[in-house]
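Here subunit A shows up in two complexes: once beside subunit B, once beside subunit C.
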Partner chain A sequence: MYRSMWFIVRRLFYSLFLLLGVSVLSFVFLQFAPGNFFDEMRLSPQISRQTIADLHRQYGMDKPLPVRYFSWLQSVAKGDWGVSFAYNAPVAPLILERSANTLLLTGTATLLSWTIALPAGILCAVARRRQPWIDHAADLLTTLLLVTPDLLLALGVLWIALHTRWLHAGGMLSAELPDENLWGHLKDLASHLIGPLIVLVVGSLPVLLRHVRAAMLDALDLPCIQAVQAHGISHPRILFRHALPGAAAPLISLFGFSLGSLLSASLLVEVVMNWPGLGPLLLEAILARDFYVVIAAVMFSALFLVGGMLLADVLLFFLDPRIRTEGIA
Partner chain B sequence: MHPSSEFVLEARCLSKTYTQGRWWQRKFHCRALDNVSLALRPGRTLALVGASGSGKTTLAMCIVGLENPDVGEILLNGMSLRSLNKSAQMPARREIQLIFQDSAGALNPRMSAIHIVEEPLLIHGQCSRVERLEFALTMMEQVGISSNWMDRLPHEFSGGQRQRLAIARALVLKPRVLILDEVFVGLDLSIQGQIANLLLDLQQTAGLSYICISHNLAIAGQIADTIAVMDQGRIVVHSSTEEFFNRWQHFNTTSLSSAPVRSAMGAHSGV
Partner chain C sequence: MKCGKQTTLLLAALGVLHVAILLAGFFSPYDPAQQNRDLPFTPPTRIHFVDAQSHVHIDPLVCAFQDRPDAPGEYFENRTRCVPIHFLVRGTPYKLIGSLHSNFHLFGVDAPAKIVLMGTDAYGRDVFSRFLYGGQVSLFAGLLATLLTLVFGTLLGTLAGYYGGWFDAVIMRGSELFMALPWLYLLLALRAFLPLSVSTGESFLLLIAVIGLVGWARPARMIRSVVLSSRERHYVLAARLFGASDLYLIRRHILQDIYSIGLTQAALLIPQYVLAEVMLSFLGLGVGEPTPSWGNMLSVLHQYAVLVSYWWMLMPGLLLVPVFLGYSLLASYLHPGRAAERA
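On to the complex of A and B.
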């Protein structure tokens, strides 16, 4: 127990350093990007130079980068994450509200993709020997889906939505709710969710399915599986007691990664399908050079990625007795 | 069952061809077994020697049922395994157990020693949990692994200990035939000797028959009564150990018709 606690604490410590590094790099890169939020104001004759200079000073943009970085760190500690120039408000509430929408979408999509990919991948791996056509069909289908860009999928779903009226084309809630109670609310939300959900699931499914299949095939090829087969051990038990735990390690790493990309997986799809998540906010912020909003969005994504990886490492640590006894760094 | 059967295990005219290449590629046929027959008497040891790729392991796989031969049949106590249906095959399969080349790989790294040894019992299920554990423990003790180590994982054992563990797992079902696929590879001489002595002891106490697959003639000659040499899927020499070594000397000096044996032995210079 002591050992595992130490392992987690050490990992947390490394993650903190990683996040600091990411924040420094984003500050530096954004600083080098040409233009800033106030440049566009200069074009307008109604805004005097004096006003722009005052705004510059008010937001602290006249100070050197290290000073701004440290005052940003202070604001992070306070929970504000800097100030948005466009909204003239602390960044954190903005980001949090949009993140919740994004997480609703990507969380459902990730859950759905995994629940489909796991059994389907296992089926492909197991069927390879006896009914190879299942595997071939899945191979063809996943290849087709892999080469289809998400953008095309999104446009396709939008087209279907517009022509058939089965789905809502964009948005998250209807302007006037058909029903005021909670159930009607949820139904409305779900009917908006389906479109982007389809795009995300279809986009991520082939990758997951292929990984599950490959991991399972590797595990089924292990000598210890052959050995238990020779001892006459039943097929389901071989599959679930021996092969699946053997295949789990790469899959858990992948799962950590897909948790980590929860915030960033749907950016493009959100913009195209008009889902009020982090995607449109980030796009606007980048176009307007809304410095702290971009940084906060990047940092939140990084936070999720690091968190996902950490979770995967901890799960692996508890799952694999070899890592546990050797105690990796 | 024919209790009068002279042989505990008999393979008749086994052939197996592997085909490689997909439908758009040219097919490549590899004849791994070509009309192989052999017979094993109770309490005896047959050494199966030959260069790599000569079909030794394929033969072992066919005998334990991991591969299906294209042609031929396998008889256990004079009864064909192919004629049995699946449920009747289960008890028959218990009688033949295989110990693999690579003991480190053949043990599931996530299972403790005791669970590895008791697992076959669980499947062929005929006793309670307590009985299973007790039986597995006695088996471990019998192959020389202390019961204090029952909760250890395979990677915490040495190579020789892992080999013993694999032997215990095979023995726990009380088989009559044990196929040893290169069990001496990767062990140093003293451990090889220990394992060989253990196997000989077990043979005397439990009346086991062994098929010992090896490319090491020295150790094969030590524990086997009969030696069969395989080359390109066929058994080219099949004789008693004594006769074999006499003839081998002869082959060595005349070097006339020794080509198959030579090539079967490869560059092996141990004898």
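On to the complex of A and C.
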């Protein structure tokens, strides 16, 4: 067991390598970026050249790139993500609050879309022989949803929300809360969450559904399943006790990858529906050339994706005995 | 590759769309920048075959829109001022594919009436004409970026797979770095490090470069894996035994194996890259006004009032669905079973 734990340790180090690599790349690109936040000040006659030069020195922008990178790395290790020029405030609290909101949205969306995709995909795979129309209908629906851009989905849900007033059109909390207690607060949050959630779930569902169906079909075709059938074991037991664990491995690795497209979709949905997550922050920071915020937002998105893949690896480690015994054999 | 009736129809429809966008000047009745401030946000023109006196016409009619005197900003169709649609008419001059001067349009109507198949926008510009011209930016940015990605990905993937060693290791670790970021974040991050306000032509090229370079990792890895198995084939080994050079082997044998996978990848990447342009322009980081692109035409929908009142402003977005459906079906015809793997 101890030796096989190396698998997880190795993946952990690999994740760290990825995050370090992304940060180095960001800084290298930063070097090529034309202009910075203080450039616009140069146009103003009220701000002297001396002041701008002082500001540059104050934020350490006159130092060479490696020096800046390592001092940034040092402060990040202490939990300090630099200073936002536009907000004139430390980046860390800003980014933590925003990424908590993004995490809330994408986390709920992941949970919900998997809870729908798993049974629906299994149903499609099982119904393929006896009731092929279910499978055909699902195929048609997923094809249609697959070619519908998330942007259009978001605009569509917003359109429905504005017309029917069933949903809140954007935002995360109402300006004035109906009642101040925690329960009222949560209810308000949930009612705002529904709109963006629908977009993300509907957007990510077709890919998941197709993969679940394909993995289940593959698993049901295995010789061991035929052997179990020949033994006369009941259908549901075959499905959940024998076929599903066989289908689990590809689905868990899909979980890690699907997080990437979900985060991308989430960025767009956040911007369209005014959800105060990482997306709008990143967009504002790009337009204001607020580079430490850009880098922090990019790093956090990488952190989520890499973290999700690491989680998938750990899950796989506990569920798939082939990986667990790899180090021992 | 199976080439049934459906495929032919599908390719024909996609082809017509691409030709219409390439020759936008001929197919669109108006200039995309031509403003008509008296008639902002007019709904799509209705086409009639029966006039106000209940006479049936063989050639279709359109009627002029007029302001409702009691409610400004709303329109009614003046059924007494109807004109027939003419085909192959002379209208506003344009340049075809950037060089050929002409003033022939496929269709048009006489002065009091206007034919706006998808309505008009806030400045009274024809959305249909802007959609066709916008396709020149959005669709062709997607196509060119796909070409860039595939050339770049094939080059790196082939070299990494064929030569292996440290180069392979560097390329593979590099590609993993690019895949460690959600791609829209990556796209925006790369865009962040480039100048914000640039001219239309420059921003078009910039977009192609950014979109094309973001996506190299996946095709490169796929091509590498094909090359890895392809270089061990017996006929390749035999050719090498006869003293064939690396360049000859790659060109004559290995690129042949990559060809079909590259084609399928292209059909999958094009819609994704068109969407990338649409999203960047929608977020205000792509091609800016007054040049139309599908993304910046949608960006007026940031205003809730426009989204609620003028549904036809969604048309460029709605039309993305059939375009993407075409490419997705094309991909599944090129390589059955592969299309499902788009994650």
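Observations, loosely collected:
What we mean here is this: the second predicted complex is superposed on the first by the 317 of 329 C-alpha atoms of A that agree within 3 Å, B and C clash if a C-alpha of one lies under 4 Å from a C-alpha of the other, contacts with A are read in each partner's own complex, and residues count from 1 in each chain.
By definition in this document, contacts are C-beta pairs under 8 Å (C-beta built on N, C-alpha and C of every residue); 3 or more make two chains touch, one makes a residue touch a chain.
Keep in mind the model is a prediction, meaning the values are calculated, not measured.
After superposition on subunit A, the partners subunit B and subunit C are seen to fit next to each other with no clash. Using CA centres, the angle subtended at subunit A by subunit B and subunit C is 90 degrees, rounded to a multiple of 10. In the superposition on chain A, contact of A:127 is made with neither subunit B nor subunit C. Of the two partner chains placed around the shared chain by superposition, subunit C is the only one that A:282 touches, whereas subunit B remains out of contact. In the superposed model, more residues of subunit A are touched by C than by the other of subunit B and subunit C. Looking at the shared chain after the overlay, A:258 reaches subunit C, while subunit B stays out of its contact range.
Legend: residue contacts after superposition of the two complexes on their common chain; A:233 is shown touching subunit B, with no touch to subunit C. With both structures placed on the common chain, the touch criterion links A:294 to subunit C but leaves subunit B unconnected. Closest contact between subunit B and subunit C, by C-alpha atoms in the overlaid model: 9 Å. Residue ranges of subunit A in contact with subunit B, taken from their complex: 222-224, 226-234, 237, 242, 245-246, 320-322, 325. Those residues of subunit C that touch subunit A in the shared complex are 173, 176-177, 179-186, 188-196, 271, 275, 278-279, 282-285, 298, 301-302, 304, 307-308, 311, 314, 317-318, 320-321, 324-325, 328, 340, 342-343. Considering their complex, residues 64-66, 90, 93-94, 97-98, 100, 102, 105-110, 119-120, 123-124, 153, 155-156, 166, 169-170, 173 of subunit B touch subunit A. Of all residues in subunit A, those touching subunit C in their complex are 18-19, 21-22, 25-26, 29-30, 32-35, 143-144, 146-149, 151-152, 155, 158-159, 162-163, 169, 207, 210-211, 214, 254, 257-261, 263-265, 267-268, 271-272, 282-283, 285-287, 289, 291, 294, 297-298, 301-302, 304-306.
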